[in-house]
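Every chain is named by a letter (A, B, C and D) in the order it is written, and numbering of its residues begins at 1.
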Amino acid sequence: MSLIDLLALLPVLILAFGGTAILMVGAWYREPRPLLAGGIATALIGAVAAGMVPPPSLEIAGLFSAGGYARFFTILWALLAAAGLMVATRYIMEKRLGAGEYVSLVLYAAAGMALLSSATHLLGLFLALETFTLAFYILIASNRRCEMAAEAGLKYLLMGAVATGFMAFGIALIYASSGTLALPDAALRMTAAAGGLQPWGLLGWGLVLIAVGFKISLAPFHLWTPDVYQGAPAPVGGLLATGSKGAVVAALVGMLSLAGPVWHDLVDLLWLLAAVTMLAGALGALGQKNLKRLLAYSSVTHMGTLLVGLLCQNTEGLAATTFYVVVYAITSLGAFAVIASLADQRGEPMAFDEWRGLGYRHPVRSAVLVLILLSLAGLPGTAGFMAKFAVFQAALQSGYLGLVLIGVFASVVSFAFYLRVAMLLFQPEAPAVQRHAGTAPEHAVVAVCTAAVLVFGLFPGILFDLIGRLLP
Amino acid sequence: MSTLATLPQFPWLSLLVLLPLAGALLCLLHSGRPAECRALALATSLAVFGVALYLFIYHGQGDGRWLLYEDSAWISRYGIRYVLAMDGIALLMVLLTAFMQLAAILLAWRVERQVAGFFALLLLLEAGLMGIFLAYDLVFFYLFWEVALIPMFFLISVWGGANRRRAALKFFLYTLVGSFCMLVAMIALYQIHGAQTGVYTFVIGELLHTQLTAAQEGWLFAGFLAAFIVKSPLVPFHTWLTDALTEAPAAGSLDLTGLLLKTGIYGLIRLAFPLFPNATAHFLPILGVLALVGLFHAAWSAYHQDDIKRLLAYSSISHLGLVVLGLAAWQLTAWEGSLLLMVTHGITTGALFILVALIRERTATRSMQELGGLWGQVPCLAFFFLFFSLASLGLPGLANFAGEILVLLGTFRAHPVWAVAALLGVVFAAAYMLRLVQGVIWGPARSERTLPDLTLREWLMLLPMALLVVWLGLYPAPFLAPLHGTVAVLLAGGLP
Amino acid sequence: MNDSLLFLIPLLPLFCAVINLLFGMRLPRLFAEVMAVTGVAGAFALTLLFWGHAEGDGSRAVLFTWLNSGTVDISFALNFDRLAAPMTLMVTGVATLIHLYAVGYMHEDDDYARFFALLNLFVFAMLAIVLADNLLVLFLGWEGVGLCSYGLIGFWYRKLENAKAGTKAFLVTRVGDVFLGIALLWLFALTGTLSINAINAQAAAISPGVVIVLSLLLLLGACGKSAQVPLMTWLADAMAGPTPVSALIHAATMVTAGVYLLCRFFPLVSLSAVAMTAITAIGAVTAIYAATCAMAQREIKRVLAYSTMSQVGYMFMAVGAGTVAGAMFHLLTHAFFKALLFMAAGCVIHLAGDENDIFKMGGLARRGPVELFWAFLAGAVCLAGLPLTGGFFSKDGILLALFTHPDPLYRVFWLIGVVTALLTAFYTFRLVYLVFAGDYRGTGHPHALPLLMRWPLWPLALLGLAGGLFNLPVFVGGGEALHHWYGTMAGREVAASHDVEWMLIGLAAAIAAAGWLAAHWRYRGYRPPLENPVSRFLLSGWQADALVDRLFVRPFTSMARFCSAGCDRALLDGTLDGLARLVSSWGRMLVQLTTGRLTTYLSAFAWGFLVLLGWFLLKLVNGGGH
Amino acid sequence: MMIPFGHALAFAAALFILGLTCVLLRRQILMILIGVEIMLNAASLVFVAASAYWRQVDGQVFVILLMAITAAEVAVALAMVVYLWRRKRTLVADEFNGMHG
């Protein structure tokens, strides 16, 4: 690896080495505040580095890209990590967790996600994916005093391990059929591959799809999602819902923009997956009595909708998908941040009973939560609407009317369950108990997310233009 | 596009939308101080009314072109523009909205719970309605179309009656299904137009001349129709309205019946008809029959109600059936009648909803079985009740009659049978309205308690409405004047 | 004088009505009363003042444009012509007297402001009908009188029955209004105008079939307002209102509006023989129907109500027989004597201690002031058609017109008219005997009669008795003044030989005498009312209410129940709820997959894998096929 | 001489299925993890075989890294197993079903 490569990799290196440094310091110095501040600073520096330091080459060791697209997501995930840490501060201190470990794991995860979003090689993809997945295994179960966290950790771990198996085998088959792991070629050569091997390659892509399906919770690989969301603490859940899914999707978008044709063969499968996922998520959320589980199912629907965008196989669809990912990440993070900011010694408010009438105790955050939920549902004026609009637009352009109609149905159902929560929050008869007032960093994250939801909702042009320039 | 677009002018239309929005934000900032919120809301809606009145007086004369037009780039990626445009019809609806909103604010004066939220939602609703009436870009229109639902949803679900949550969800989801159908149709139209001309735009005026096959046009029209018919609402898509109106708080019912319902019909006029002229031509007979069915069905159903609010909800549906019938006749006079009737219905039924709220405040009931004899107890209130009931049943000289007779005169020329049937409906209107009056204000007094008659605030709400009802009934010309040109253009299949 | 000042005639009562409505309760009682009387009396005076404007083609006044849209251009316009002028004079004149009477009648009631406001408003609306230049203004008045009638019938609203009677009146007349409305729309579509004169002028150009239908529609509209068969059921119940109301609205003016409408459109209606026959037939049926009902009634005002229907039936027959002058003549005399009868009946009820039942009266000639008896008797002889009274001449004119009509069918109508006259004489004197003869049978305490309730009877009595002078037939030396006044509007010239005329007059006199004698024989001494099926049948107005109830009201209410409960609640809401339940049951089924057990999740993974494999194999097979 | 590539693939596929079957049928967390290891090994096998087939080194590099990752994963997994055992005194996967629905 040359110096140029290292320089190009600088943002990720900052995250990784910063994480390591904080881990080491944390071994001796157990005061959480400075460690967290250091972590946040590291993440921010990483983001700044990704934004400010122009990469000397657009390609790193043939594994990763350092192009605008990759850098954009690097910034996004680094910022997300910073936000995740800000939200986690109180959690770490109240639960007396090892701050060093926590911070370093989040930074590692961010590094992994950044790498994943910039992978141009199946090896890089695999490595990056495993990096942040491993971090999440630990993060989810990090609170050793919590029964649910342990259970969630176990479920995510075992499922993740099986997914890794599928992923590895899938990549192996792709390699076997195409003879390369570099991304455009691995897909492109498949069509040209010797007749006997081509089906293996296709199967390989299918297996990769299953693994990806697990990561981004496509039905029927989504069953772990509600349990893990519920069990994981909200700060981790926020990262899990946004970063880990977003990074995978970002990688998919990158892969697709490089290697279109292979998807052609997978279209019917993806169509089915998208349809089933949208429906399963929406319908599953309908009967939920727990906000975090509801968010889990809602993320399933969203991933189904994303898949519709991916299915379009054109720049329109990819741009829409990218927009969707960014918006979804921000919105979702906002939701988890609100939940985390309300957590107190009773834990996080989760069951609907705990939310009932909370709007009268904490009007601002409840209103923000309603706004975020409406954005998730896709109310015009919020970012969520523009995202859905873009995806449906692209899908209609590509002739997926059926999917759009299913998506519309899912959206209607989504509105039903989001609005039920909104009503719950402002239900007048039963004022809820006072929850935590939240800390400044939490409020800051919530505020930024809210602002982003509105700004990207009313002036989506900013983000669209950026994406248009970045898409490879 | 109009040449007006190039002229520099004060952005009155944006002001109409932004003023209430700003008022809503200010209200939220003053939460916890009810008196200030009330004053703020009142001041805002007065200002909006002032602007609307100014526009009516100084920009109300037109020969069918846009009276005002604002245009600037917004989301260029999808050719979505920030276009606000006002023609005669929009002007009338804006005026009605501003006027009714004043009444709604006054009516909400006595709300005690979460005052800031209530007024903020009312003002947000006003902003949404203004946007619906003024937006001239499909996506921009859709934005307001949906945004207006949210405040109403919360008004119902938080401040409503016993079954409020169910009603609110039903209201929202029902209309949402329609809206989504419209959204899909909008995007499809956008793409078809873009593919044909290479110009990807959502501006309504530019989409006007898209070449569509019969099947395409039919499906797209159906998509738009789904949204507007549910909102109007035409039977059999009306059950959300009866529930929502019954459960909504007083000011919510007022806005819902007086304004929100009009958006459906307005959408038909502004979007569905001009965009899909051929499909419209095919569909008009069906629309007429649907309208008639609605007129009768609602009138009959109204007769069977005991809850006076529900009765009024049905009466609204019945009246809107007549409005739609006028549109279906596709006749200048009928259209102008329909539009006038939209306004007058808003005022008369709105006033009745106000009165129901006042009665409810005094007697704590809305059941006709428990009411009666109010004339002896609260004569002024009862007088207004009688007055607006008579206006509602179409007594000549009062507002509704002017609209109704124009609808009928116009409709008869095109479809005599429809007009005759609609006239028969008038008997039923009298039947349920008189049953209502009989149940509420005549008969022996139901309680010994002395009830307070109208207060100054209540007079302030009702008296202007009553005067307006008389004015519109006897001399609607100023309100018809802005319509002549616009309607003629619309009937010819164009837009200003 | 400026023609547009004509508007003062209707607007003066309107102005007073509004003042009374707004401020009546805050001002001294005297002020309200003076306001009310002034409004009507002023209108009367103005009518006299403007009388000259009616000559020739009359005068037209336009106030301002009411509706203006496309080809529709309708103004508030009045037309004061030869047909309208006498009617205006009668309406304002009778109304003035009745208002004066009402001041006395209401002097113990606290709700006087509403009463006088409505009464004045009524006069305004009635004048709008009479003076209307176009159909829409006429319709305004048409509905306006209906409204006032509604408000005044239910004036004592605390008794729900009164309010219900008002509602019934409004609804039944509204049914008639629908037909008038259809005619209005159709006429506009045909002629492009709503001006009555213009329509009449163009009437000849309308195809005959359409004319028949239009005429029948107008007839049905008239039936509603004038309580003719089949829309007659409301009038008897309308007697629940205060007596001045019955006198003004339900005897003298509003119920004759239908006749006036037909006269207004006579040029149109007379084009169709079928329609004319229908009008006559309706009139004849109503006349005999109402007369039979009146014979069995027990309440004094109901007797008079049925007699009103019967007499209006005569007027319809007159129109049908083609003589507008005859119809208007009877309309005027009837207005005088029937108002008189009602007002006198009001006095009677006062004296009998608010007792309505004539079987619980008796002997009132001695108990009350004797002048009351004479006033009542004056009205009664007019109604019964005793020779030389106004009613005699006007009724005889109608019978003559029927008799001389070229169509032989009209002889049947004439016969019905003669029989009705007999019945009329009988029930009129039945009433007189039961009320005034014999001993007092009631228990009520008489109220004092204010002076204002007594003296307005005299001018009316005079007008009623001498009313024949207005249109005295030529053969008895009269000049047929009214007929000549109407000129071209008078309708068919009724021509018959003097022999026939004398024969008919003799017959009429004989019939009136026969009716009186029969009543004298039956009721000279008091006998309790008959209780047999026939009398019950007649008492209930031939069970018309029950019939309407069964034919219309009950189907309507069950339809309403079906629409609301069956269709909306059960069907539509049921479907929606079912859909919602269905979707959420899918949700529940799906959620059941999330068992919480890892093995389930892993097997879901495996199922997904299997589907993939299946799809893959399918692809392979298909791909191999190519 | 080389083993035909097809044979290697078939064997690896069989191994993968075996591993998957193990994952699906066993209830013990440890056994499931072992199943996963078998699946990963099947992948490694394919990589090695393909590497030989395409005469490239990429596949072998992947195998090495795969081993490393597997090791890391196993480390985390075993720590988790110990932790779970301490909490609940059982390692049957289905016993951990506190959250569902």
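By definition in this document, a contact is a pair of C-beta atoms (placed from the backbone, for glycine too) under 8 Å apart; a residue touches a chain by one contact, two chains touch by 3 or more.
Since this is a predicted model, take the numbers as computed values, not measurements.
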By C-alpha centres, the chain nearest the middle of everything shown is B
The chain pair with the larger count of contacting C-beta pairs, comparing A-B against C-D, is A-B
Taking each chain's centre as the mean of its CA atoms, how far is subunit A from subunit B in angstrom?
43
In angstrom, rounded to a whole number, how far apart do the mean CA points of subunit C and subunit D lie?
96
Report the inter-chain centroid distance for subunit A and subunit D in whole angstrom, where each centroid is the mean of the CA atoms.
25
Go ahead and note the Å separation of the Cα centroids belonging to subunit B and subunit D.
65
Quick check: what residues of subunit D touch more than one other chain, meaning two or more?
20, 23, 32, 93, 96-101
Residues of subunit C engaged with two or more neighbouring chains
591, 594, 596, 598, 602, 609
Two or more partner chains touched - positions in subunit A:
154-155, 158, 162, 166, 226-227, 287-288
Determine which chains touch and list them pairwise.
A-B, A-C, A-D, B-C, C-D
Within the complex, subunit D is touched by subunit A residues 123, 126-127, 130, 134, 137-138, 141, 144, 147-148, 150-155, 157-158, 161-162, 164-166, 168-169, 171-173, 175-176, 179-181, 196, 200, 226-227, 230-231, 287-288, 293
Note: in the complex, subunit A contacts subunit B through residues 360, 363, 374, 379-381, 385-386, 389-390, 392-393, 396-397, 404-405, 408, 411-412, 415-416, 419-420, 422-423, 426-428, 459-461, 464-465, 468
Touch list for subunit D against partner subunit A, complex:
5-6, 9, 12, 16, 19-20, 23, 29, 32-33, 36, 39-40, 42-47, 49-51, 53-54, 56, 58-59, 61-62, 65-66, 69, 72-73, 76-77, 80, 83-84, 87, 93, 96-101
Which of the residues in subunit B end up touching subunit A in this complex?
31, 74-78, 113-114, 117, 139, 142-147, 150, 153-154, 157-158, 165, 168-169, 172-173, 176-177, 180-181, 183-184, 187-188, 190-191
Residue set of subunit B touching subunit C in the complex reads 170, 174, 236, 238-239, 242, 297, 300-305, 314, 331-333, 336-337, 372-373, 375-376, 390, 395-397, 402, 405-406, 408-410, 412-413, 416, 419-420, 423-424, 426-427, 430-431, 434-435, 438, 441-445, 474-477, 480, 483-484
